[in-house]
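By written order: A, B, C and D. Residues from 1 in each chain.
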Amino acid sequence: MIDKTVRTMAEAMAGIQDGATVLVGGFGAVGQPNALIDGLIEQGAKDLVIAANNAGVGHTGLARLMELGRVRKIICSFPRSSDPVVFETLYRAGRIELEIVPQGTLAERMHAAGAGIPLFFTATGAGTKMAVGKETREIDGRTYVAETSLPGDVALIEAWEGDRWGNLTFRKSGRNFNPVMAMAAKLTIVQTQHLRALGEIDPDHVHTPGIFVDRVLHVPYGDPSGF
Amino acid sequence: MSATAVSAAKPLTRPEMAARVARDIPEGWYVNLGIGIPTAVADHVPVEREVVFHSENGVLGMGPAPAKDAVDPWLINAGKQYVTLRDGGSFCHHADSFAMIRGGHLDLCVLGAFQVAENGDIANWATSENDTAPAVGGAMDLAAGAKRLWVMMEHTTKDGAPKLVRRCTYPLTAVGAVKRIYTNLAVIDVTPLGFVVRDMAPGLTFEELQARTEATLHVPG
Amino acid sequence: MIDKTVRTMAEAMAGIQDGATVLVGGFGAVGQPNALIDGLIEQGAKDLVIAANNAGVGHTGLARLMELGRVRKIICSFPRSSDPVVFETLYRAGRIELEIVPQGTLAERMHAAGAGIPLFFTATGAGTKMAVGKETREIDGRTYVAETSLPGDVALIEAWEGDRWGNLTFRKSGRNFNPVMAMAAKLTIVQTQHLRALGEIDPDHVHTPGIFVDRVLHVPYGDPSGF
Amino acid sequence: MSATAVSAAKPLTRPEMAARVARDIPEGWYVNLGIGIPTAVADHVPVEREVVFHSENGVLGMGPAPAKDAVDPWLINAGKQYVTLRDGGSFCHHADSFAMIRGGHLDLCVLGAFQVAENGDIANWATSENDTAPAVGGAMDLAAGAKRLWVMMEHTTKDGAPKLVRRCTYPLTAVGAVKRIYTNLAVIDVTPLGFVVRDMAPGLTFEELQARTEATLHVPG
């Protein structure tokens, strides 16, 4: 029997290595895998590269992971959040690397990693600082920038429903980066609000099929709150 | 000519600017409103005129902000404000959401800006080449990808420095992308000729507008 | 009020030009927009480029369109079907051009067109006839082939449900190329089995959002049959 | 040595070949079975061993063929045969389905072939450089994309010509992709050394197998 559900956070986090690239889902507080981020803090891996839309808020979650000195580099589109104090302090002190990526390029680079596309061209960023040092090409009179795929060693995902094969659905704007990151990582770890029996999720309505998922932990935490 | 010379003019308020932009958005358009000033535009599109508002985080068909006691904690926009969804709205993931943007499927994007140049260049994400940690978000995708890019901003900085310039001095968001600019003083098209004034705030003279604009303004030909 | 529904086939087909590139959904008989193909036959546009998985079966549908001499070129992965007599006769006579594309590359080229990616690299076809004349590149020790996007002027789509904003769902293996082609075309025309009131389709379960759809014709034809 | 020299050997039947492949597929693998001979492998995986079968047309988690009176006309596989869906199965569109293939998410693909070379090259889509309208389907995507490519085919052509060759003479499907070959006579790994024989049909000698194989066969080191 295929059973991707895990019973404990320790099982969920097993094997995450120092130096791993970790893709972290969520946009704002919605669809953010808070329990898994806390699990990663507990687990202890360091020298991490984090790809996420933001660079942490306040002193919890990703910000806490950074504050503990466990993040070598962050890849994101919007390091400024409502309260980015930890990131900004570390960044000014030269204790964390930053790679700014336009939000759509960030999503597409992970989608490309999941789809076997190592390099693609996009108009986003052409003629800006984002294109500096990158290959560009004129195609039909327009300038495009070459972007590489962004694969993850690990993805931390928040789902609404999950089953033992790893099929997932997401809720409203909680979908965001989660399905794309699930495709892009070698080890995809999910916290799900609801654990469903196999076959209970309508096969026409699965958002992320189990082929992209490795571990499912049931975390019925309720509604997201705060940003 | 100093700023105080604009004596008889009545600059538009923020709500008036939003209403002015809203007036130009026809039914049926797919529209992304940038974070900040542009967000208010949606409030000025009458509900019976169906305009489909898109948000980068996978929301298509946003409705107005919810009543305080009717907030859905699972439904926010790219500015991380609570929103609602109209009948006919839908959700998708980030790559699909940005495919809408980057694939040229949005009829319009309205962004705020620090500077717009007469060749259509826009600078709206960083105020210096040395900005230590600038936050670009989806601005570059929107500026490069939408069928039309309009900018909505104050005509000058708080210090009176022009924001409609010959060449942007701040880091660019996109090259040659802006089609029209809505300010508190005027509506200005970006054309192959440069800036062409389409509309001005009540009581404002062309000369007064030019005095507050670095690049040369043209009258419609 | 946004109303993308059309009442007649003539309205659905209005404006399709001679020389148009037409993307035709379906895989086997499932999800194939048969009514719209017949509408296109009736409408009269010629010198067409057709992109579809197959090159027609028997003497109806796409095969009929070809038999009438209206198709200049076909782009597909599998010209052989259970009964490809029309295509093979035309092809041997030099009266139709053929561009063979691996099925995944075909899907991805249209997805790329919809997503604003004019060029991407893939491992599919590297070292084979498919790579002849194409740019290739070594990335991390593997050879990849450059492929261009494949945009359509028109897409003909079969959906299970549709509404007046053009939101669509698909049924089981009827989804296939349809959502990808809907993204890739300037004018996307849909035949739908069921017409739903706005808001009736769950916003979490929309497969193709209306932004990718221009016209919706209600064609309650029932189950697909035969291949 | 002629074909008739394989006197004591009992070549595997098609169902035996399918069962032999099925034996090597562990629970939990995501597997695409090519059109033709490989399709039968699924019938030999016991239902309690959960293997997730994928079909190019957006079907993940296929079950066995339906009873004649239980056909769902909306549910076919890439070979355009009616199939069923297991609990836990799901549907997706073609680009997502091929993302599974091309992104390296399938543990295994089993394809038929005309020829396999000792360097792992596979030719399975056209029988001549001059084939007027060859049909490639998803074979190139599968061969290049899956984590493992196994080939399942007769050891020789009907005329007795070897299909395990030094270099493919037919147009290639993919370069250096094949990891293992299951024929009616043997199971052969493709290694940096070349072909290594893992298993042979009952009664067959190594010399008899070599006589029917163009490339040199090796014994496990």
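Keep in mind that, in the parts below, a contact is a pair of C-beta atoms (placed from the backbone, for glycine too) under 8 Å apart; a residue touches a chain by one contact, two chains touch by 3 or more.
Just so you know, these numbers come straight off a predicted model, no measurement behind them.
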Remotest chain, chain D as reference, centres from CA atoms:
B
Distance-wise, how many Å sit between the C-alpha centres of chain A and chain B, to the nearest whole number?
29
Interchain centroid distance [CA atoms averaged], chain B/chain C, Å
36
Could you say which residues in chain C touch two or more other chains, in rising order?
108, 111, 115-117, 122-124, 170-172, 203-204
Note the residues in chain D that touch 2 or more other chains, in rising order.
85, 91-92, 95, 98, 101-102, 145
With chains as vertices joined when they touch, what's the shape: line, ring, star, complete or other?
other
Considering every pair of chains, which are in touch?
A-B, A-C, A-D, B-C, C-D
Residues of chain C touching chain A in their complex?
108, 112, 115-124, 137, 139-140, 142, 144, 169-172, 203-205
Spell out the residues on chain B that touch chain A in their complex, using ranges where they run on.
55-59, 72-78, 80, 85, 91-95, 97-98, 101-102, 121, 126, 129, 132-141, 144-145, 171-175
Within their complex, state which residues of chain D touch chain A.
27-28, 30, 48, 50, 52, 54, 60-61, 85, 87-92, 95, 98-106, 145
Residue positions on chain A within touch of chain D in the complex are 1-2, 111, 113-117, 163-165, 167, 183, 198-199, 201, 203-204, 206, 209-212
Which of the residues in chain C come into contact with chain D in the complex?
27-30, 55, 77-80, 82, 87-88, 91-92, 98, 100-105, 107-108, 110-111, 122-130, 143, 170-180, 207, 223-225, 227
